[in-house]
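Two complexes follow with subunit A in common, the first pairing it with subunit B and the second with subunit C.
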Partner chain A sequence: MAELGRAALVVSLGLSVYALVAGAVAAVQNRRRLAGSARNALFTAFASTFIAAAVLAIALVRHDFSFTYVASHTNRTLPTAYALSAFWGGQEGSLLLWLLVLTGYGALAVAVNRRLLRDLVAWVVPVLGGIATFFAFVLVAVASPFDTQTAPVDGAGLTPSLQNPYMVAHPPMLYLGYVGLSIPFAFAAGAMLSGRTDERWIVATRRWTLVAWTFLGFGQLLGAHWAYVEVGWGGYYAWDPVENAALMPWLAATAFLHSVMIQERKGMLKVWNMVLVALAFELSVFGTFLTRSGVVNSIHSFAKSPIGSWFLAFVVISSLFSVALILWRLPLLKARTKLESALSREAAFLYNNLLLVALALTILWGVMFPILTELFKGESRTIGRPYYDFFLRSFGLPLLLLMGIGPLIAWRKASARQLVRTLVWPTGTALLVGALLLYSGAGSSTPGLVAYTFSAFVLATIVVEVVRGTRATGSLSKLVSRNRRRYGGYIVHAAIVLLAIGIAGSSAYSSSREQRLVPGQTMHLAGYALTYQRIVHPYNPNAYETRAVLDVTGRWHGTIMSGDNQYRNPPEPSREVGIKTDWLRGEDLYVIADDVNVKTGVVYVKVLVKPLVNLIWIAGLVFLLGSAVALWPDAREQRRLVTRLAPARA
Partner chain B sequence: MSTRSPARLIVALAVAGVLAVFLLYNAVDGHSTPTLTPSQIAAHTGTLSVVGAVVGPVRGDAHSAAGLRFGLKNISGSSGVVSVVYRGASPPPLFKVGRSVVVSGRYSAGRLAANDILTKCPSKYTAKPSKP
Partner chain C sequence: MSTFALALGVALAAAAVVLVALPFLREPIADDDRLDAPTPEQSLHLSLVEERDRALAALKELEFDHRTGKVGDEDYRGVVGPLRRQAAAALRAIDRTPSYRDGMSFQAPEITPEPGPAPDEGTPPSPAIVPEPSPPPDEATPPVQPQIPEPGPQE
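Right after this comes the complex of A and B.
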């Protein structure tokens, strides 16, 4: 079996190299048959990678411990779903997943566009071949998932905290996002290499970018929810380098998704879009370098591994390639029109882009800071949470405001009077909400109050737009179906508003208290009274469970339990928190019971009350809905696309 | 009448604005913390973080005045042991002898008075064990 997997990977490597070399020769010499052959090599690389992936999946499900990878990441008692999730639980398996998704996405994107965009796709194939060559090479020569050994009786198992349904879905979602950014990058590079730098590559890859962006965004929210319910520290995002590694390309891709609209409509920002698409791709690979090299200190334990230097080399080479291409094609990337006014939708989108990129770059600076200080000062220094929170507020709050203004402001040039007329209702609503919040005591946190006021403004602009559009078309469904992209975008904006309200509420207005309790003793927080009753040990076949039982009165009546699990295999503990959600208030009562002393009955209880935290998770679902609406096939857009691409077929 | 696009002006002002905010933050509040290994700590005093592996014996109670007492050494390679006294919330459940941790606090007179412990997630992307 392992030989089959190894052979399949070698074939994938050979085919990827062929797609790169033959594809480039075919594109330069305009040889159609050779280009078709390179294309077929890319398709077949997906098939052979699929075989390799199937071999590893079967070995994981069958607990074939002669595979070193299987023995290192699973054991016999691991349920099948978690045994399969070990596919991406380790270095080699996750790289194989990367290659599988890359060749799969690449084959599909090339197959769909090969007729309409023949000249451009001729260059996309070697670019995708080049990226696939790198990953296939690493899998064959540096980190093979098919190394074998004498099979031990049992494997090492999977860490208990990773035995969670979120961990089955969260990593592959991120990979579908990271790898998906390769497609718009390959088409952008293809556009520059072929000299076809008009808007066709953007139109062809809009949905690919949206898909990657959706997976990356939703994958991060899944990870945040996992941290919240499973890791048990009461938070959901720690600004850890590994978390930032996913956030940075998502921010760059968000900027790209907005700025391509300006290029599509006005023929502007061509260079900027090339820079953004390259930045999003490079940040996704750079994030992988960070997580695999061990060069930065993270709560995620990543050992220094040789794979890091290969990724660094790839980031450097592909970045130089991107910069050289953009510089080479600068004459072809001139804007068709000029920005006429600083008060226009184009300008609003430009402000939004600058803020998003500024946020991504300040996060990058924070992540790189320990490496740079070690390099230049000989001593690694770390920047903490206040740095990131400061820049999230500095750039995030103006972004929130722009999210309301951008869609309402006129194209080309808006007059101040027109803008006032358009924004009078949303502004009035926001000011009223702000005043009510101030009156009710929300002024204890200025950033929180500003975030809520801006959120009210954005929601009001969305409502105004939808009501106005529905009146004009006669029905909401007709309105949405006429411009799914626009109204899908509004739904995503509503999701971001929910996210902002959830983050502001759960961070700026949360309260917490820690206390040592003995049975019968009560602690109070934010209208809740928690009385510690006793210690119990619920049955669990795989772990010894210890729980402190607390009766809650006050704003909610019931029982809540928290404590720890001592797993048998692997012998690891895990903290088990108690969470009671009040859906009416969107608030969580979050209880962490530590150091449960079975002999004396003493327990240390930390209680957190987190207002509106559940809006963050609801935002994830709204975000998915908005993305689905924007992605849904649109006959009107299809007609526009065919008209736009017509010259390419001539 | 001039028809110059304001795009460059906007970008220039935005870059200047971002730079100003960035520099202002770093001037006012931008303090970073040294992140050291146990073998690097000797020459330092003050607030810092140490990345190391926990060395036993682990004694005491984090909630008591005497605190939780343990040592830290380099995760890989040899080093001296830094003695740590931690006071605060219960350490994470994964905290135990041999575990890789990040401990933050004030270092003086050869002892780290810690107020925060992070244990590293013990899985994912670890390097292969070296073959004998």
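Right after this comes the complex of A and C.
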């Protein structure tokens, strides 16, 4: 069946090239049937890629080790879910997933808009075709998942750290996010190529951007939880280059989602929006380059390969293409109105944008620094956590504050007196919370105290906004249904607040202790007493498990186990931590048992108490809820779009 | 390569060729093979509609901000007049460009008409509570209150 997969990919490549070339010719020469043909090529490219993906999925489930890829990433003892997740556990499979999602998204976006935005879609097809051509080419010529060999008796197995339920969902989520950013980019490029830079491309891609942004954000939280429970160092975000690679496009997309509102309302920031869309797309491809090239040392370096140079070339070419397009169309992108006041909602959005982009670029500099020092000085110098933490505080805390102030400022121009009146309740609440926290000892960490106080301010703002809005409209459901984007956005803001509280609590107020223990010995931390009892070896068909058993008393009574797994195939170790969650406090008792000596029974134990860490995971669910509210189909908006685009029917 | 896989590959390629050629197979000779691009008049109309939607959305937002206390009475009075004039000007400009109705052939899907005038977020758009301080300077009579159809883009 490998031949079928290979043939399907070759067909996908041919169709993508056709969509690029024929689509461009059709758009330039204004040829309707050729444009339709190019569009069909994009649809068929998805069908063909789907066949290729199905072939690989079937081979993975059937443990068909005649596929080199299957033999390299699975073995017979691997459960079916993990065997399927090996689809994105390796280089070639994840590139195939990229192409599948890209052609699927592209086909759907083009199909949905082909009638209302026919002239624009004619230019979108070649852009999507160009992106698909690159990925199909890499899959056909550089990194094929359909290389075959004489089937070995068993495969090499999946990297142990990937054998985790989160790894079944985390990578596809990220890919749905990364690749989803191609759609607004293609429409923006299409708008500039066609010279029709009106708002239609924004209206057409608003939901696509939101979907991609949601997947990217939620995917990162899933990854953070995976790191927390599986990697076992006690944290959830290590500023790893590849983690940063997902964060950067998300920040750029967040800035775009805010600034696009200014263009819709005021016709301003057109150039800036084009820059942000291009930046988000380029950063998403750059992220894939980082993941795949192995140019940086990362926990994700399981996927090193020589395709990095191809990706780098693609990033450079597509960046130059974007810059050239924007420069070419600058006259069309001029704003017709100006910012009326530095004290307005528009201005607040602008400040928010500057902070988000500054944070994204600061992170980019941190990621690029080791590469640049190696390039120019011959030795790689890595930027550590303090650099990122400093800039997260410097940009993140003002962003949090703006999240509270922004919704309370009027559009166009706000008077200082009115703003002060509006701010009374949220500010009063925040000051009260800050004072109570100070009184209860939270002043041990200034950034933590500031984060908590600002969080209280934002939450109070949201409550005030909802209460006043409900009073004005008469009912909460009416309020939300009349403006889902705004109130979905507020729910997302609440999620960010929970995230901020969780991060501040678990980093600024966590406590830890390390101790060498022999059986019967007890260690104490933050009201917990942990008594080391014995070593056990639970049964696992694919690994030799070793666990230290600790009895816990004090704030919680029970048993917790921690240790490691020695996987047989591949023969790699994996740290297995013990976590006890106290949902009432949102707190975790986190136990790492290292160097378990089976002969002497001695074990080195590190215990961490992480207050409020679970708010981070709850934030993920609230984030999804907010996105769902903002994404919920709005019949009135659809009517408005149809009326706008087909005025003859209005 | 097995014969079965070869046959499947050939079938796949053939199906792809047919699908790609479909627009030409359906319509071997086209009376009009031009893309349905907007004419300059239609583009102008579109920009005017966007302008109208922006002005109406701004009015609607102003009403809501006023009702929720973000905009005081004095600020409201200062802003509402220019915004109304802007909306009225956009509506008049749209009326002055009837040519967009000719030759427009966007295939819009059938839609159910709006059941009635869309209620505002804060409903009574009764700016009469706070009357305009003076008639617009460029008109002899106060501007006709524009019919506010569907609101423009919302946040």
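Just so it is clear, the second predicted complex is superposed on the first by the 640 of 650 C-alpha atoms of A that agree within 3 Å, B and C clash if a C-alpha of one lies under 4 Å from a C-alpha of the other, contacts with A are read in each partner's own complex, and residues count from 1 in each chain.
Keep in mind that, in the parts below, a residue touches a chain if its C-beta (ideal position, glycine included) is under 8 Å from a C-beta of that chain, and two chains touch if they have at least 3 such contacts.
Computed from a predicted structure; not experimentally measured.
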Next item on the list: Return fit or clash for subunit B versus subunit C, each positioned on subunit A through the superposition.
Entry: fit
Next item on the list: Report for A:Val110: first if it touches subunit B alone, second if subunit C alone, otherwise both or neither.
Entry: neither
Margin query: Output check: A:Pro573 vs subunit B and subunit C. Expected answer is one of first, second, both, neither. What do you get?
Written below: first
Next item on the list: Considering only the touch criterion stated at the top, classify A:Asn30 as touching first (subunit B), second (subunit C), both, or neither.
Entry: second
Check: Of the two partner chains, subunit B (first) and subunit C (second), which one does A:Leu139 touch, if any: first, second, both, or neither?
Finding: neither
Next item on the list: Identify the partner contact of A:Leu276: answer first if only subunit B is touched, second if only subunit C is, both if each is, neither if none is.
Entry: neither
Margin query: In the overlaid three-chain picture, which partner chain does A:Arg381 touch, first (subunit B) or second (subunit C), both, or neither?
Written below: first
Notebook entry, point to check: For subunit A, which side has the bigger count of touched residues, subunit B or subunit C?
Noted result: C
Check: After lining up the shared chain so the two structures overlap, which partner does A:Gln418 touch, if you call subunit B first and subunit C second: first, second, both or neither?
Finding: second
Margin query: In the superposition on the shared chain, how near does any CA atom of subunit B get to one of subunit C? Answer in angstrom.
Written below: 16
Item checked: In the complex, subunit B residues that touch subunit A -> 3, 5-7, 9-11, 14-15, 18, 21-22, 25, 29-30, 32-36, 40, 49, 51, 61, 63, 89-90, 92-94, 100, 102, 118-128
Check: So in the complex, which bits of subunit C are touching subunit A?
Finding: 1-2, 5-6, 8-9, 12-13, 15-16, 19-24, 27, 30, 32-38, 43, 45-47, 49-51, 53-54, 57-58, 61-62, 64-65, 67-72, 74-75, 79, 100-101, 104, 106-109, 111, 114, 118, 121-123, 149-155
Item checked: subunit C-facing residues of subunit A, complex -> 1-4, 7-8, 11, 14-15, 18, 26-27, 30-37, 40-41, 43-44, 48, 51, 115-116, 118-119, 122, 194, 196, 198-200, 203, 261, 264-267, 408-415, 417-418, 421-422, 465, 468-469, 471-474, 479, 482-483, 485-486, 489, 636-640, 642-649
Next item on the list: Enumerate the contact residues on subunit A facing subunit B in the complex.
Entry: 68, 89-91, 94, 147, 158-159, 161-162, 233, 268, 291-292, 297-306, 338-342, 347, 350-351, 354, 358, 362, 369-370, 373, 379-384, 386-387, 390-391, 394, 514, 516, 564, 572-575, 594-595, 604, 606
